[in-house]
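Order of writing sets the chain letters: A, B, C and D. Residues in each chain are counted from 1.
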Amino acid sequence: MTNKLVHARILISCKDRPGIVAKVSSILYELGANITESAQHSTDPFKGDFFMRIAFYLPEDKAEEALIQNTFEAIIKEWEMDFHYAPAHKKKRMAIFVSKEDHCLQEILWQHQSGALDGDIAMIVSNHPDHEKTAANLSIPYYHTPISKETRSQTEAMQLELIKNKTDFIVLARYMQILTPEFIDTYKQPIINIHHSFLPAFVGAKPYERAFDRGVKIIGATAHYVTSELDAGPIIEQDVQRIDHGYTVDAMKKVGRDIERQVLARAVHWHLEDRILRYGNKTIIFR
Amino acid sequence: MTNKLVHARILISCKDRPGIVAKVSSILYELGANITESAQHSTDPFKGDFFMRIAFYLPEDKAEEALIQNTFEAIIKEWEMDFHYAPAHKKKRMAIFVSKEDHCLQEILWQHQSGALDGDIAMIVSNHPDHEKTAANLSIPYYHTPISKETRSQTEAMQLELIKNKTDFIVLARYMQILTPEFIDTYKQPIINIHHSFLPAFVGAKPYERAFDRGVKIIGATAHYVTSELDAGPIIEQDVQRIDHGYTVDAMKKVGRDIERQVLARAVHWHLEDRILRYGNKTIIFR
Amino acid sequence: MTNKLVHARILISCKDRPGIVAKVSSILYELGANITESAQHSTDPFKGDFFMRIAFYLPEDKAEEALIQNTFEAIIKEWEMDFHYAPAHKKKRMAIFVSKEDHCLQEILWQHQSGALDGDIAMIVSNHPDHEKTAANLSIPYYHTPISKETRSQTEAMQLELIKNKTDFIVLARYMQILTPEFIDTYKQPIINIHHSFLPAFVGAKPYERAFDRGVKIIGATAHYVTSELDAGPIIEQDVQRIDHGYTVDAMKKVGRDIERQVLARAVHWHLEDRILRYGNKTIIFR
Amino acid sequence: MTNKLVHARILISCKDRPGIVAKVSSILYELGANITESAQHSTDPFKGDFFMRIAFYLPEDKAEEALIQNTFEAIIKEWEMDFHYAPAHKKKRMAIFVSKEDHCLQEILWQHQSGALDGDIAMIVSNHPDHEKTAANLSIPYYHTPISKETRSQTEAMQLELIKNKTDFIVLARYMQILTPEFIDTYKQPIINIHHSFLPAFVGAKPYERAFDRGVKIIGATAHYVTSELDAGPIIEQDVQRIDHGYTVDAMKKVGRDIERQVLARAVHWHLEDRILRYGNKTIIFR
């Protein structure tokens, strides 16, 4: 009887101290693991925090979640570790929240179809009916959940019901409604958002118009995890593109859409592959 | 007797209307000009503003400043044009203002030595003595003008005396003193500054420390013309570089220095080659 | 009766000589044109070649093709000009040729749907049936034209029949069949192709495998016009992305696909907006 | 008595097998090391090659080279490891070889002066006297070693004498002489070279002229280790910059110089910090 090999990852964070790598890799060695990727980061080896991602192959009979948890239990307790075990075959399920603009939605759908995304799209949720046909063509459940100031709490409750137990994270793919702190607290799982970014920043209404008036030479986008503090959660990824004086506000928005879909797609990729560790209001990305 | 050809540029801005290009190029044609570069920009062809840069060769006997001004006088008046004629052989003279950090100074000096800069370095002015030897090695006058809160107006008066009639613009190559509005008003000529930029912006003290705390993934720099409103003058050029969680504050500063010198050097190049037109608080760059 | 304004472009190339810009802009001025963009390039003002693109608004009754041609006739003859007039409302029609891989096809379809493409997709032609549903969803005619060594000339004849009078150019969006010189000669109109590019180049079979073996740090893509000399026609656009030693051949191919679709999309955009002038085996791009 | 901590790195390569990380990190743990950076790469966990770089602090009395070598001796033998121990305080010494063009030389000198280079410049060697004053200003020994076809072997012998025991690697900073295989074989230590790169490549004479004729849109540079096969050694770093049809051959060369100095500087940095592992004709870069 052959013992199939399964691929898995472990994410660890704790106070830095000598011997963590030695200990963790020894345990994996004893389990028969074959490490394929390993990255670590220390904010300060003497009094800082330590982060580690290890990807490896493991014999199937050693890869069971409870077994792994059990094996690491002692050091998790002793070193007060945040410990996350993720077998690669257990794909993460996302809900895509979207409003009218579809550039980010389309990018994620296309990446998924092309087989490049290491995860599943459980559903699309929108406050508009616009993308129903797109979803149907791909046999993805589509929930039209209209929302207004008056219905917000009611609609959010319904949305929470829809995603409960069916999703592992939410992607806000240009979802133009603000999620309430209650929604975020209740869902508990990660929520990834994308928005435009400029040098310098233009906080508030009509950012493209103001960036145009200021004559910026660069347009950017930032993907981040959502926290209750609006647009100020841990940054996952950023990118920019050059423009010049010839760009109208509309042309700038078009460039903005192109960067947004690329940046969001990268953030979703890394999240799916457990490459992101949150650290206070920052992220460690092990690419 | 041969008539030597000289290279020159004209910069024009005025209200947009039909026929400007036709008229300007006709006048140049009659002068015997051979156009080598021509770029124009209109904010709106029906009620907007028009900007143009033309570079051309002209027979020497037609290239004299007064003659050109005279030839264009009629349309300058009729169309209320801003008109700037710049023969290429009349090189612009810059004063480089610098404090302790020398990365921007060194870049400009090196570009100048390598023959890549279409301008002259008239002097280096610093509130520190640190770069005296560097200047001496290149036979560039170096003025050490210490400055403090108490001596500011006195020192600025002295600096203004030094640069008067000897310079056409100032490059603030990491000059860590704030120029007073009086200095800017008195000097009247362009002043180019460089400073760090982030997505989002971190205005105020210790920007790198705060960008580090926020976990930004991109560091940038912005070169701009100085106006009396601090760091908010017309943007000339911006650029960025990626960083990751592994960068300490010091490593971030090192990256920042690298972008700053590149961005400032490009801004100085374009200014020297009359590629920049100011338009309210923006710039039109004809590269 | 109001005279509607139409937007149009003129592309010109001829031997450089003084007065071209003056003459062309004067004629447009007399037609009542309002120039919105103008760019020119001279390979050498004294004995070189001259290229110009002008975009403008024109009263509708002056915008008729025959009238414009007539008005410019004299200087076209005198200066042996290549002259191309393109009213913006007359959108270019493309045929997209594609094989199995759909990343380039999907990008162009998405750009078209989002309204960003200034042109029409007349049909999709493929040697595979794979994209039939995609085309049907968007109501774009799909022609499945299987091809083999034996049927090549027959199939190409059929394809030529399909595209005749219905298309203004072809986009080879990862069409893995080599077009015969006969096809190219018969079609006569522009054909845009995309392919991978490396530093250094890996000509021939299995380029990704060889680039992997060589440890390249950069992957690129080149969009070019097709000439009978394979992959050596005028370059329209190139771009690259960084990789590192961690990229497998498959990961490299994924990056390659991402760059290819971006580079091809840009080339198609510029072609549709008449921003490209061919000059021997090179292109002048007026962005 | 306090035991000072010293910073050091270990580079390892061997056949991949389970347990390497566990073993290596255990040994370091027992030495009292505190790991600050750790990166590994496996070409294939089941039958591939394994590469690792670990940076750490070590008590001074455990950091001695012989002691480290001794401690690892058993696994070095058992696993047929390439093992390299580099205490950070033992700075690498470079000889810079340069001909007339000084852009790469100046960049490295400036980086060194600014304190950013983790290494020493032992000498500058040139077949021209041009940079003598530059070297003198910085108190760096300068050796003018004229070379011709007739004197090549004699001159190389002299150069080898100069660098022997005084340098750990050579940087060819635009040294326009081809090093003979004898030179390379005798010196044995690493030699880093920089040269232009294009998409596609233009091998042979006058590359910029040919790239200009081909209308390339991108100019690049490649830094690589020198092997006896000309310009085909392991690539360390590559980068590119966009150009357009407006660039003359001279302007292209200027862009090329700018990329060359940046790419070479990065390669030198990584080499100094032991971030590069050679693997056949490729490199693994642990940034």
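Definition applied: a residue touches a chain if its C-beta (ideal position, glycine included) is under 8 Å from a C-beta of that chain, and two chains touch if they have at least 3 such contacts.
This one's a predicted model, so the numbers in the text were calculated from it and none came from an experiment.
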item: Relative to chain D, chain with the most remote C-alpha centre; value: C
item: Residue-number overlap at the chain A/chain C interface, same or different (half cut); value: same
item: Cα-centroid distance, chain B relative to chain C, in whole angstrom; value: 37
item: CA centroid of chain A to CA centroid of chain B, Å; value: 42
item: In chain D, residues with contacts to at least two other chains; value: 37, 246
item: Sites on chain B touched by chain D in the complex; value: 37, 102-103, 106, 110, 114, 116, 133, 137, 246, 254, 257
item: Chain C to chain D touching residues, read off their complex; value: 41, 197-201, 203, 213-218, 220, 222, 234-240, 244-246, 279, 281-285, 287
item: Chain C-facing residues of chain B, complex; value: 16, 18-19, 21-23, 25-26, 28-29, 32-40, 42, 45-46, 56-57
